[in-house]
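The structures come next, written out as structure tokens.
Below, subunit A partners subunit B and then partners subunit C, in two separate complexes.
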Partner chain A sequence: MSRYLAATETDARPAPDRRRTLRQILIEDFFYGPGAILCTLLLCALLAIAAWKLLDWALLDAVFGPTETLDASQACRAEDTEGACWAVIGDKLRLILFGLYPYDLQWRPGLACVLMIALYALSVQRALWRPALAGIWVVFLVAVLILMRGGIAGLEPVGDDQWGGLPVTLILSTFGLGLAFPVAIALALARQQRRFPMLQAASVGVIEFARAVPLVVVLFMASVMLPLFLPADWQVSKLLRVLIAFTLFGAAYLAEVIRGGLQAIPPGQYEAASALSLTYAQSMRDVILPQALRIVIPGIVNIFIGFFKATAIVVVVGIFDLMTAAKRAVADPLWQGFGIEVYLFAGLIYFVFCFSLSRFSARLERDLARDRAS
Partner chain B sequence: MAMAKLPSRWRTAGAQALVFALVGLSLMWIFAVTGAELRSRGIETGFAFLTEPARTALANAPFAFTAGEDSNALALLAGAVNTLKISALVIVLASLLGLGLGLGRLSRNRLLRGTCLFYIEMVRNVPVLIHISLCYALVLALPAPRESQPVLGMLVTNRGLFLPTPTAEPLWLISGASGIVTCLILLAIRRRGGGWMAGNLVLTLLTIAAMALPWLLSGRSPAMSVPQIAGFRVNGGLSLSPELAAIVVALTLYTATFLAEIIRGAIQSVPRGQWEATMALALPGGTVRRSVIYPQAIRVALPAMSNEYIGVIKNSSLAVVIGYQEIVGIGNTVLFDTGQAVEVMAVLAGFFIVVSLGFSGLMNLINARLSWGDR
Partner chain C sequence: MPLKTGKITLTAALAGAGTLLAAISASAQTTSPTLEAVRERGELACGVIGSSFGFSLPDSQGVMQGMDADSCRAVAAAALGDANAVRWVPLVPAQRLTALQTGEVDVLFAQLTWTMSRETDSGVQMTSTNYFDGTGFLVPTALGVSSATELDGANVCSIQGPGEVTARDYFTSQGMEFTPVLFAEGEELRAAFLAGRCDVYMIDQSALISFRASLGDNAGNFTVLPEIISAEPLSGAVRKGDPLWFDIARYAHIAQVNAENLGITSENVDSFADDASPAIRRFLGMDGTLGQSLGLEPSWAHDIIAQVGNYGEMWERHFGQTGADRGANRLAGDGGLQYPYPMR
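Our next item is the complex of A and B:
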């Protein structure tokens, strides 16, 4: 037997050096063939020109504020300025961020925004993914409502027709998602079960209707039709009507994501639950939903990103969100024609939120895949 | 406990009847309230308003439309045509851009890969409405027709986009026919295999040559209608209004990023063994991608892409924000003219449901034709 065994011990060798020199990187990744050389050089030239033009417009030639002789908007309109007019952002910052909220009280929407951002930061911590998270959401959202509405704790009441800007965008997406979540679970369960065909048909109808019709039409329905459906003496504010539309619309999309999670649970889990003679409610609450929701969290985050971007559409029914605030800033005769700067600024705010959420979602998907594999 | 003794079939039926009764009662309540509300406002319910003449003129009607003569139904039809026009343009353009970006994301060239990723991340994390408003502001900031310089016969101005088009000329028919016949003959030779076969480049060049031949023989230059600046206006050529140009460009740039990620994911989903198998067979790169990788990737990508395409049709309704009159914009006008809120909303919802379902049915058909069946 000993013939097959090595007689001498082999020394352990270090792992091969995978680092490449700069020259190797350049040749292997940028200049590996005639086509690649052409492509790289062409792209370099194009990017350099674009970067230079952008720098010129956005910084070198830009107007940031009033000069010695001219006030800010005159400086932007002067004959020799070709660049961006960032002065409009400086002048309209409070309008874009907080809309028409009483100027002296704008610390309240500011604090509400901070609270909602903190809520997101808490919700993305995996250590906090437990039922108590729902409680945290309720506490934060009630605090946000109190800050915005006032009327108690010595805060001056402010009607929701005066709310505006970033807090409205955050409120629509956060409250919309928070309220849509239970509705979505109900819709998904109703669609998934087989015992009540009528309920199932109703759920399919709601989901498919909301997914086939554009949000603009749903919002018009909420603002034009909902008042007709309710008795004349019921006063439902415009913001609340839009929030209801948002909730139902979002619930339909969310329900499909959750249904995907329900379908991914192996049938053995359902069978094990009924073998333990758990009731339907118990087996869903304690066995199926905790697993299903965990799987679909990346999907839920993606829905939320879509939701967050979709709130901009409320501009068509006249709700004062970030997008409407940007439009209103441009509508000021003093600043007419500087839409590009204002929309870029508003776009940047949306980008910061959506990009960080999508990074989080991508990392989460990777982590969950790794956990499942191990 | 008495409930538990009933057979479960009866309990199920009872529960269903309860749900049905609740839904029915709330619907009846809504109808009663709505009816009272409408009567108090003096609005007749029903779809009679569709045949009444429209009160407001249309800004971008695709056909001749006179307010006060033509019906509301015709106005809504004009809107539907505009919606489909935007959607068709965006679907074609975004697919091309998305394919380019998706392949660019997979390129070995790191600069190209990085540029595509940067573009995708910058564009898709911003609401499409911001893109539309931004594009519209950009179009309005372009030079006026008098101050703009034509590029390849195209005019890009703040009055819209003007493209040269072929004029109605019988010779174009002959030219087109000769091109198609040449192309088909070359393809037939290629399909038969063996002997001489035209490569893609040769095929394209020969087809163009065949199209040019009738013009050369007649000794005339191809008849084109090139946009001409005449004072404040532009005559001739095909014109896209600033609103249409803005919505098409914005939706194309936005949708392409999602299509690119779908295409990239689909190509990456083809198992590595497939690439290795082609290497083992020593197939050339172009053949590998054309006949091994892409056919598998397209089957993965198609369902997700058809969702995006339906999204385009729905997003085209956002043109209402910059005042382009597609079906939602015109529906709004009709609603304010007649006050028929419920009926107009029903028409709009019905249109989108029919178009969405029709489109997804079409894509399912294509999917079924493409699929290999269960294996």
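Our next item is the complex of A and C:
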């Protein structure tokens, strides 16, 4: 027992004061001794140099457009230009954002993006977390499809070969995960129950298959092999094939996260539901799932972020997602060599989406912790 | 009685089969299932790479530009009379042949090298070469090398995949050592070469043109070595089994080459309306049955030239501004390989 007990007595320290002034923080954390002072000053100097260089490159010496004598590309390549060439973003913005979508109709994918972003914004409002939210999703996603495809309500039809850029990235992640979510709940429940062993085995099979095979292999199979086996007049579009692959994968990963939530629910909850003579469906819908899903929200958001970024993989089957469209912008000899600027821009878009999602997840965890505490 | 009925039925069946056969053999000459499908759809599904400058790359407005893109437009102009009736299907190299075999695209212009095994094994047929390409070497002038045979021990930058194989084949056959430095993307490769990560950049002639153009005044700091070590005749392709469609795709290209040879351009094509030259009258469909023999309108070649232009115009549009040499893609009369096969 002795090794679990302190052998010597130490003086009790004062309780840490959480509300320190800036002055106190500086002195206590950064300037508490000669070594610390030296370190702090050195690191500050390095940071200042790096920040100055970055500012110089990104803003002060950067080219934002044509000058009086040179067009934008020449201005970027001029001898005395050392900074970033943001003019490439200006010239290629709509290519990066919307790919091959007909230029005159690009308000449609633009609006579709706004709708999908609005859908996220609505979905993170806890006040709206009720079954009606599923209806909102259906309405929004149908609207997005109509905008993108056209063909009704006087909109000119646009085939999904021509979709590209940000809407494709958003569609793959939103539709993929939106479709995957109900499938994942079914898979998780099927795997957890004990009454129908065949159903359980099937669910385990699907989940383990999807987790054991790399996504890129499935994408290749779907786009190179599958068409060879289908009848000649069965043309399943490339985007739809990829979406199905994403849904299958998303469902398998989500199902495991949700199963984790189901396991975290104390047996007493299941027993209490039975004692009230609720049916299986009732007990799941009203008692178990609301609690289980709440627990695994951070895990779900994590998978969503992962999938959002993983959509860039569709370049292997020739779909113009955001990243592919960005690469195409610098294949033009006019802008070759300005890849860093274009990659930074694409990275910024990914960052804005992923960071907002992770902030949302963090806020939610705080709220839920407070709910439990109260 | 049953016997007699049987006889009559048999005779009828034979007669019916005969009629059917006659119908099939007649239609085999004048119709093409692919052409009919394209007409019904009102647009041509054309497979392109979609990310390579000079061949198929969307411009800032998202309009596909390049030699391959214009070859698609030429086929669309011939088949439908409208060069813009093209549905672009961007394909990565691994998907190109499958997309054609399965009917996802009607014709393929995706920088496909015309090789024997592709034609004999894959069920596709090359129609014509719209760009003669080949792999060469680019070195910094400061390296002081004047021939690829002096590159023993060099660090060689190239693209993963076929470029890597070409490099290994060449250096092994020359008995030279080399260190491959491989990249997945042209943009990273070019940056690495400019930063001095490698001594030599193995590059397709077509890519070399755009790379030098992007260097501007610094182009003089690099030397192109004289060796061209692989033949890459980049060609259009169609599925086997539809001979008339094959002819349409092939002669769309040959018409562009002939137009350049005859001096017909998109600008002046209408000024030949009362020309007396029999070759020009045949070409533009005023005389003869060239269009009819392809199952097309008599004005098919006129539509190609008016809407897309001749071969030389196409080359100038996509590579001309780079100031590059047309090389093997000149007309045969100028010492190149683009031959104006007679259209008569």
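As a convention for this text, the second predicted complex is superposed on the first by the 340 of 374 C-alpha atoms of A that agree within 3 Å, B and C clash if a C-alpha of one lies under 4 Å from a C-alpha of the other, contacts with A are read in each partner's own complex, and residues count from 1 in each chain.
As a working rule, contacts are C-beta pairs under 8 Å (C-beta built on N, C-alpha and C of every residue); 3 or more make two chains touch, one makes a residue touch a chain.
Not measured: the values here are computed from a predicted model.
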- Clash or fit (per the criteria above) of subunit B with subunit C on subunit A: clash
- Task: Check whether A:G151 is in contact with subunit B, with subunit C, with both or with neither, and answer first, second, both or neither.
- Result: neither
- Message: Tell me the contact category for A:C44 with respect to subunit B and subunit C: first, second, both or neither.
- Response: first
- Query: Of subunit B and subunit C, which one contacts the greater number of residues in subunit A?
  - Reply: B
- Tell me which partner A:L228 touches in the superposition: subunit B (first), subunit C (second), both or neither. both
- First (subunit B), second (subunit C), both or neither touched by A:F220: both
- Mind working out whether A:V316 is in touch with subunit B, subunit C, both or neither, as first, second, both or neither? both
- Item | Which superposed partner A:R77 touches (first subunit B, second subunit C, both, neither) | second
- Query: First (subunit B), second (subunit C), both or neither: which does A:P290 touch?
  - Reply: neither
- Task: Kindly classify A:G65 by the partners it touches after superposition: subunit B alone (first), subunit C alone (second), both, or neither?
- Result: neither
- Message: Just to be sure I follow: which residues of subunit A are touched by subunit B in one complex and then by subunit C in the other one?
- Response: 220, 224-225, 227-228, 230, 232, 315-316, 327, 330, 337, 339
- Query: For subunit B, which residues count as touching subunit A in their complex?
  - Reply: 12, 15-16, 19-20, 23, 30, 33-34, 37-38, 40, 108-112, 115, 121-122, 125-130, 133-134, 136-138, 140-141, 314-315, 317-318, 320-321, 328, 332, 335, 341-342, 345, 348-349, 352-353, 356-357
- Note: in the complex, subunit A contacts subunit B through residues 29-30, 32, 36, 39-40, 43-44, 47, 195-199, 202, 209, 211-217, 220-221, 224-225, 227-232, 305, 309-313, 315-316, 323, 326-327, 330, 337, 339-340, 343-344, 346-347, 350-351, 354-355, 358
- Per the touch rule above, subunit C residues touching subunit A in the complex are 50-53, 57-64, 87-92, 94-95, 98-99, 101-104, 185-188, 190-191, 194, 210-211, 213-214, 216-217, 322
- Mind pulling up the subunit A residues that touch subunit C in the complex? 74, 77, 79, 91-92, 94-95, 98-103, 106, 159, 161-162, 164, 220, 223-225, 227-228, 230, 232, 235, 315-320, 324, 327-328, 330-334, 336-337, 339
